[in-house]
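My questions all concern the structure below.
Lettered A, B and C in written order, each chain numbered from 1.
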Amino acid sequence: MSGTELLSDQGLRIDGRKPNELRRIRCSLGIFAQADGSAYLEQGNTKVLAAVYGPHEIRGSKSKALHDKAFVNCQYSTATFSMGERKRRPRGDRKSTEMSTHLEETFAAAIRTELYPRSQIDIFVEVLQADGGNYTTCVNAAMMALVDAGVPLKDTVVSCTASLVKDTPLVDVNHVEQSGGSPELVVSILPHSGEIVYMSLTQRFHIDHLSKVLDTAIKGCKDIGVILKEIMKGHLTKLDTSLQAS
Amino acid sequence: MAEKSFSTHVNQIYLPGDSVVLSKTDENSNAKIVLGPGLRKYGKQILVTKPGILRTKSSPPTYWIDCHHRRYVPARGDDVIGVVTNKVGESYKVYIGSSEEASLSSIAFPGATKKNKPNIQIGDLVFAKLLIASADMEPELVCVNSLGENVGLGVLSTNGFLFTVPLHHIRKLLNPECTLLKSLGKALPFEIAVGMNGKIWIKAKSVKQTITLARAISMSEHMNKEEMNQLCKKFIDRQAGF
Amino acid sequence: MKETPLSICEKQCVIQAVKEGQRVDGRSLAEQRKTCITFGTEWGCCQVLLGNTRVMAQVSCTIQVPKSSRANEGMLFINVEMSTMAAEHFEAGRLGQQGIEVNRLVERCIKDSRCIDLESLCILVEEQAWEIRVDIHVLNHEGNLIDAATLAALGALCHFRRPDVTLDGREVIVHQLDERDPVPLTILHYPLTLSFALFDQGKIYALDPTNLEERSADGKLVLGLNAYRELCTLQISGDGVFIRKEAVLSCANVAASRAVEMVEMLKKCLAADAAERIKGKYDGLVSSVALEAERITTQSQATAYFKTPVHNLEENADEESLSVPKTKLVKDQGIVTLETKSDVSSSESDIEMEPLPPASVVKKRVYEEIDIGNDSEEEPVMLITKELT
């Protein structure tokens, strides 16, 4: 697909957004009764469920236990109905395992694992509808679930995508823009310090554009961070007032 | 075979399955002859089991095969360097490169009692002696001699550098005739612990010096005496001049 | 089998050395290990030796039905195999997490960046197209598998020739290799990866990490670049890494210049291999074994390895055989950036493409005359008495 379809002459994208506009974010916390923490997050049409269990005893082989840290275990799963064509294997294929590993590494950096040696923290993420930015929505949803579970974090982790079409950086790409052949840069940062925890790029562009696209992605992350913080505050305030009433 | 002179046998290469002929004096004497690693008595013959060079020593008459290998098999009395991997009850599990992790009791240290134990972290390096190393049991390490005295064993400082070297190189370095370590010591003062399991720990004044010394030692694996002397000389010149 | 445990001592030493701008094997922070690329006798067989890391790639092709969503394109599959032969802790059969990471990165660098023109692989639209398979085998793991695997895959793809095909109406005739010369693949650009190990909260980075450095590092930054300074892929991973944007940009610049040199070297190796094939005498991978014989170091070889540390660059006059990219450490706001100005001739020394060197060059192993006094007796000592004779 050529660049003209992804970005019109008036500077509008396929779904009518401007290049620096995020998709609508909706979130609710504490939706599962069983899990220690859970969250449901929608970014545009991408819908993700996240559940957190832990810190709890190591399950399975005890050899995985780390003597000074908690072991973070993530499972990234895409539902069979999440894409246009039915997906045969929700998890266990290479892409899902790679995503799980990256989620594990991202959260192992953000969670204060040194407080729980020899234990395990599970994060389960299920993509219900995939419309671009699957990984970023998963990171954001898992982060909300961790906050809901009360797991101590060094800082919140926020993630966002950015792309480059006709020398204009776009923020928060959807599936059509992603599969159209334009590069996609995924960044996860800690909003307070601006430090990058995870970054990956698919497709290619010239190295001179890297700075621009990276800036766009980081700004997108910070904007998403502000929105998610508001949602978190709302949720915690709701919990708080119910205590005071009694 | 018995007619060949003995001097052609020692320092020759033998392969597994070859048979060894002893010198006439040793054959005729009544003293016990010691067969070291790589040799096996099979009926009336002495057969070679490991490929290598036949060496001999005169008192007591000992023969062995000098073999090149990297995998360590624990032997009682060896000083080895191990990495502490776990604490189980009163003892530590130490990885020394053998088929099983060795155990090191927490009171096998100089001046340690049940109430006063040393503080060892997982990931620390220990320089210890193998007390028990048989084929049927897990190896056991101690950091004291049988009288409980300090003999230079114990926890190694984390400020040094640990590297691995093949086992035949370790034996070469520990040979009293090998002057490499002494000559390097003239150029730069350093602290070194050589483990028979192929690990060497070294510590010099700065990280740069430590690393250069470590690289010089691993590089000298295939050098003979003259080449080693040249290496040390170059080393000394560099350190002195620049 | 489990991996040998990493002691605190080794990790601290690596981190301390890197903070001072030096590495445990004597290299500087922006220096790669010695790279050797050799090709096999079969078309599409490439072996890469990056220091001690050894990876081999083989390309094969079959005719298949193209995917319905891309009916006019051929297919490219990349598969990485890591057996226990390469390292003790690799599982035989299944790819562990590390294996999947290597596989995905090679795929993203080579397949997703569209370096092979897949449309030229189509024979009959919607019916027949070439499926190219790259099988990468890791033979020895000594750090930086990703770079070695990508280089091997790229070398194999550049080296590969597929059988020529003619269309007779709707009938497809595949010519045998002796009927018609096989056809090379159409390569649009040459993407390579360059990996950096990140230390000290992302402030210090070391190019081409060894196994020990990888295990001691906070995280890893992998950059995929081609000769036109285009970024094909990028990944930061690691469970302790926090890196700033400026550090990423400076790494990218260092990597871009290095990628240009590596592509040049690859092209030279391919040209040398082509010249050898024309001459007819061809040793294939045996020539790389001859290179191994040179690696048994004696004093003269030790001279080349035993380089002075980074800030005494003037002494390198007597070690011209191995040119070092001249680097300057610039500390700026706590971030150590490297400005490299590598020698033009550095690519020369990386190529080891001569067939079996003449016998005089190969260093003979010198046996030690040192008599070993107190040997360690690994086996129970057997005493023999006079009954033997």
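Here is the rule we use: a residue touches a chain if its C-beta (ideal position, glycine included) is under 8 Å from a C-beta of that chain, and two chains touch if they have at least 3 such contacts.
Everything numeric in this text was worked out from a predicted model, so none of it was measured.
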{"item": "Dominant chain pairing [most C-beta pairs in contact]", "value": "B-C"}
{"item": "Chain centroid nearest the full-protein CA centroid", "value": "C"}
{"item": "Chain B and chain C: spacing of chain centres that average the CA atoms, whole Å", "value": "34"}
{"item": "Whole-Å gap separating chain A and chain C, where each centre is the average of the chain's CA atoms", "value": "33"}
{"item": "Chain centre separation in whole Å, for chain B relative to chain A (CA means)", "value": "53"}
{"item": "Touching two or more other chains - residue numbers and ranges from chain C", "value": "none"}
{"item": "For the chain B and chain A complex, residues of the former touching the latter", "value": "86, 122"}
{"item": "Residues of chain A that touch chain C when the two form their complex", "value": "63, 72, 94-95, 97-98, 101-102, 104-105, 108-109, 185, 190, 193-208, 210-211, 214-215, 218"}
{"item": "Of all residues in chain C, those that touch chain B in their complex", "value": "4-13, 16-17, 20, 22, 24-26, 296-299, 302, 305-306, 308-309, 312, 315, 365-379, 381-389"}
{"item": "Residues on chain B engaged by chain C in the complex (per definition of touch)", "value": "11, 22, 27-30, 32-41, 44, 46, 53, 55, 57, 64, 66, 73, 75, 78, 83, 85, 95, 97, 121, 123-125, 156-162, 171-172, 174-178, 196, 201, 207-208, 210-212, 214-216, 219-225, 227, 230-231, 234, 238, 242"}
{"item": "Contact set on chain C toward chain A in their complex", "value": "2, 95, 97, 100-101, 103-104, 108, 112-113, 191, 201-202, 219, 224-226, 228-245, 248-249, 252-253, 256"}
